[in-house]
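Just so it is clear, A, B, C and D label the chains in written order, and each chain counts residues from 1 on its own.
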Amino acid sequence: MDLFDFEEGREGYYGQYGGTFLPEILTTTIEEIKHCFRECKNDPGFWAEYEQLLQEYSGRPTPVTHLPNLSRKLGGAQIYVKREDLNHTGSHKINNVIGQGLLTRRLGKTRVIAETGAGQHGFATATMAAKFGFECKIYMGEVDVKRQRPNVFWMENLGAEVVAVQDGQKTLKDAINECLRDWVTNMANTHYVLGTACGPHPFPEMVSYFQSIIGREAKRQIHELAGRAPDRVYACVGGGSNSIGIFQGFMDEDNIDLVGCEAGGMGPGLGRHASRLAYHDASVGVAQGYKTYFLQNDDGNMLETQSIAAGLDYIGINPILAHLWEHKKVRFEAATNDEVREALKLVMATEGLIPALESTHAFVTAIAEAPSMSKDEIILVNMSGRGDKDIFTVADALEDDHWKAFIKNKAGEYGR
Amino acid sequence: MDLFDFEEGREGYYGQYGGTFLPEILTTTIEEIKHCFRECKNDPGFWAEYEQLLQEYSGRPTPVTHLPNLSRKLGGAQIYVKREDLNHTGSHKINNVIGQGLLTRRLGKTRVIAETGAGQHGFATATMAAKFGFECKIYMGEVDVKRQRPNVFWMENLGAEVVAVQDGQKTLKDAINECLRDWVTNMANTHYVLGTACGPHPFPEMVSYFQSIIGREAKRQIHELAGRAPDRVYACVGGGSNSIGIFQGFMDEDNIDLVGCEAGGMGPGLGRHASRLAYHDASVGVAQGYKTYFLQNDDGNMLETQSIAAGLDYIGINPILAHLWEHKKVRFEAATNDEVREALKLVMATEGLIPALESTHAFVTAIAEAPSMSKDEIILVNMSGRGDKDIFTVADALEDDHWKAFIKNKAGEYGR
Amino acid sequence: MDVEAYIRARKKVRAPLLMTHVVCGYPSFEDNMKELEIMAQYGVDFVELQFPFSEPSADGPLFVKANQESIDHGTRVAQCFEFMARVTERFDFKVLMMGYYNTAFKMGHEAFIKRLKAAGACGYILPDLPIEEAKELHALSEEAGLFPVILMTPTNTDERLEKLGAVAKGMVYAVARKGVTGSKTEMSNEVATFLERCRKHTDLPLGVGFGVSNREDLDFIAANADIAIIGTAALKAWESDREKALDAFFTGLGLTKS
Amino acid sequence: MDVEAYIRARKKVRAPLLMTHVVCGYPSFEDNMKELEIMAQYGVDFVELQFPFSEPSADGPLFVKANQESIDHGTRVAQCFEFMARVTERFDFKVLMMGYYNTAFKMGHEAFIKRLKAAGACGYILPDLPIEEAKELHALSEEAGLFPVILMTPTNTDERLEKLGAVAKGMVYAVARKGVTGSKTEMSNEVATFLERCRKHTDLPLGVGFGVSNREDLDFIAANADIAIIGTAALKAWESDREKALDAFFTGLGLTKS
């Protein structure tokens, strides 16, 4: 199945989702990117350079790890984990930014901009910009700047300028708007490094293409380790890049249950979560350059979203996933904040892994379903990132008193 | 050159350094370990399992990365970096703990203890213990517990008990003493997972053996990438495990300049640094189970040490390195705290890498020496760990005001 | 009277024609009405009523804030239509809906056109709806006698301008520069050249917007196009001192009150 | 009089013999002297003077603190030797240096032995110096007429005990249990069996230490060995109420003051 073999006149569409909805001023820029990306895709040297860079700079291939303790404890399927947490900068985001970095260079541009929520994509982009020698500006909602200061600290030290976005909810979606504003002004020298498989075509395709390295590797690795394909593959879905990345490795085989795990937040109900498909609070709309399911009200204005994981806390979803979901190729489930807290503790203590809060959503669903599977069935979980960078969020989530005391003490050292 | 081909009656000695100086009560335990380790070394299956575990769990081999930007900027040698920062848990420490974990299992023991300074080794050991299902207690000086709370937080969540050691300077060396005390009590079921290539024989040999995977990989990789062996290899030296690890890959070839980079702290002078060999403030002594150069006074009591990098802030040094230094096989240099701050900023901004403060010491010396080397010469730096886990230390080191404001604000959220 | 005839008639009175802008519900519908009264007194020819959207990614800071606050105060789309109906009933200037495509998409194209028509609008501006995606909506508009304002921009190729010209109806909105609404545009030779390029691809009246704020701009537009589109500058005036400042702003443009 | 003769003579007076311990300079040399006076009054047979070391890894919490504080107050090795000289001059009990090997290593083996001899010690205990590493020091001791106290422990194999027995001189220190100094040892059959094992590998007087603290312990040691070694218990007493408590402690052991 080639997802990107578009119907005539429907370039950038996955069923009814996707498309390019941008101000006219960007038409030429988008055409340029589409053209350049096509060239890259058809240039074996491009992918070779891409792979080599990821290997030498980011340590790819990331391994697949068997979790014997957790599997035994749950008493069902054998659980394997794809370790995107071991990438340089700590998540799968680097796969995308390295690809777009190469594209930026090929486009002859010298400046990159990016939105970021949790900070992972901003961190990865700032890193890529340092490596490629690009000027770099990261837009980040003010709320996120406040709660994710560590990432801001690193981005700045990597040479990026970080702008705290004051509009709207002051979170991820507002940072995207701000990027679009910068871009309509500076497209002459600037590439917008979108962080997930959302936004206007060709971004969903491009980001999916770069993230497909996860699935390519994982497919080979799980066959080597377990002798066959997995029965189910779990990945968390924010914008939907790590999930489409790993799913692409397993889409051609029938009978593989692909499961997207969304942010269930405080449970179903408008404004209480960030689940677009597992719960039924979203509807189709057009915003931020593309058509997909959005968490919006009847007027088409976007709702507040809620999740323990900043990286899943987004209104829209990868249009490819919306399409695959509609065609029952991908199943969607949601994990609540409380379930995430428990799963994180379990995975840390039984296997010595610290998944990012985002990735923990995938674990929640896998852990819930594994016990009712047979012992010779195989689960593959995509661990999209590591949690140790998010100590502030995790410590808050786990309500650690020693941590609070430490911070108060540290504040004391810094003077009042 | 086989470092571990001991002279008759001199097992555990490297020239005049090394040996086993432990209370009689541990003699049987040490014999057991020596015996078991010998078995492991001669069992190809052991190393195979070790390598496989590191591959599947920790993502080895870690890559070697070329730093074109930094090399160009400095205008001299081509700089390459061995990326131990990409290991699971963020440093080379995992190589050692996985090896000792396998050994512990083979010894039939069910409990591990470890000292930790910066927290990296404790973090790695707690991780290994979770993975192997061992009970785990980590001893950490109270001063370090206070300044390295994030690592304590993770260790506890990984299931380890962390004990704040109240004795002495309340730092690394005191944690080692406390481990020895636990061990003389609980050796029946407990293995002491020493974190560096120090302490009584067979620890220096054992830790060096496990860390030699760095050098084996790096040798092959640098030949692949650069077509030949490096001219100089730089590694930071705390206890001296990552350095001996990488150096072992390059010891057989002549004309490779191996450079150990110590903590120059505030510069030469008793109590101002933690440099045992580059400065001339240390002398030979026997403590913590082995004979080597120690920072001690005329009475043989240990001095206070000082470094921006907690992991280098130690009184003694790998006896193998002391021996190699004496025979001019390894050169020693020191990097001051100020130089480390500058080098860290430079490496982040030019290459998008965030070395641990420890590893940055190796960069300091490489950066200082590269410009006077010719453009076709090759430098290899061992990046023993990543710095993003140490945000508190790094932010303090760089005196970041936004960070301070963030912490104060966070403390406010937690209530007074 | 269709829009082209309207424009021809108005052009006899003065040049350039004027199009102004308010964000519905910001600061309040009452304020909007007061602004419109002044605009009417100065003989404005067109007014855009912006329906607030939560993701106004083509707008500059002032309009972003206006969109957001209006929504935060509880402005609903239904109220915007009601307001539009009152405005078209009361004033002589022509009214356009301005907003983002999701507002139309969410209610459905037919409903959107029907409600616009019912509220007395003559057309609409949806800056994030490219012509390729607009076929159905354009067809419905045509049936209803509404026109979609097509935007031409300085980054467009001639090929693209031709395509845009081919589907344009009523008037064309020439975006004077890159960027979002709000900041000043230097009305230079460059802009003149761009407007010439637009001219080559359409015979419709040309509006020029983005950063129009003073008399010189109007003179420039009078010389090179047909309609001056004033957005942020008027809102800025209103925010600084309401009626008084807005009045002074129009006087400053060299207009006289009727 | 050599140490074996000394022990034989003392054993006629009572069983078991007693060895006590002070940490030089903790709380102060003055306090040390007062403690020793009391010990002398109760007829203690041996005293260990511990030279404080910065890394006392075989000691329990109380002695660790004592070592550390003594060093922090500025206690130097030279002062410990001076103090030892004053002690051996003044009291009848025999004095042993106790400490860690680095103290000896750093000053050099010859100097160490010479200074010990000059200060009147009869031997030394260096718990972190295994016999394999001690050959030179032992040879020098022998020449000087000092004896190194060898430790035997419950984890040693018979083979190892034999080796230890072969190099032991003067007396053997049987470590009653695993662990560090300080906590209580249950003087059980297990300890008795261990002491029997020691006995098989040495004819020297056997001292028993680690956790000896009451009359029952002494009785047990009298029945199974020769010398009771009291460390932490005495320091604990001193810390609780100085002379008074130390006095009471010895009385509690069933000893009488001379």
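Just so we're on the same page, a contact is a pair of C-beta atoms (placed from the backbone, for glycine too) under 8 Å apart; a residue touches a chain by one contact, two chains touch by 3 or more.
Just so we're clear, the structure is a prediction, and the values are computed from it rather than from any experiment.
Taking the mean of C-alpha positions as each chain's centre, the chain lying farthest from the centre of chain D is C. Chain geometry summary: the mean Cα position of chain B and that of chain D are 38 Å apart. Rounded to whole angstrom, the centroid-to-centroid distance between chain B and chain C, based on C-alpha atoms, equals 66 Å. In whole angstrom, the spacing between the mean C-alpha positions of chain C and chain D is 98. Inter-chain centre distance (chain A to chain B, centres taken as mean C-alpha positions): 34 Å. Shared contact sites, meaning residues of chain B that touch two or more other chains, are absent. Counting only residues that touch two or more partner chains, chain D has none. If you sketch which chains touch which, the chains link end to end in a single open path, with no loop closing it. Across the complex, chain A meets chain B through its residues 55-59, 62-66, 69, 83, 85-88, 90, 126-131, 133, 146, 149-150, 152-154, 156-159, 225, 345, 348-354, 388-389, 391-392, 395, 398, 400, 402-404, 406-412, 414, 416. Contact residues of chain A toward chain C in the complex are 19-29, 167-168, 173, 176-177, 180-181, 184-188, 283-289, 291, 294, 296, 298-302. Residues of chain C that touch chain A in their complex: 52-61, 64-65, 68, 71, 76-77, 100-103, 105-107, 127-130, 132-133, 151-157, 160, 164, 175, 178-180.
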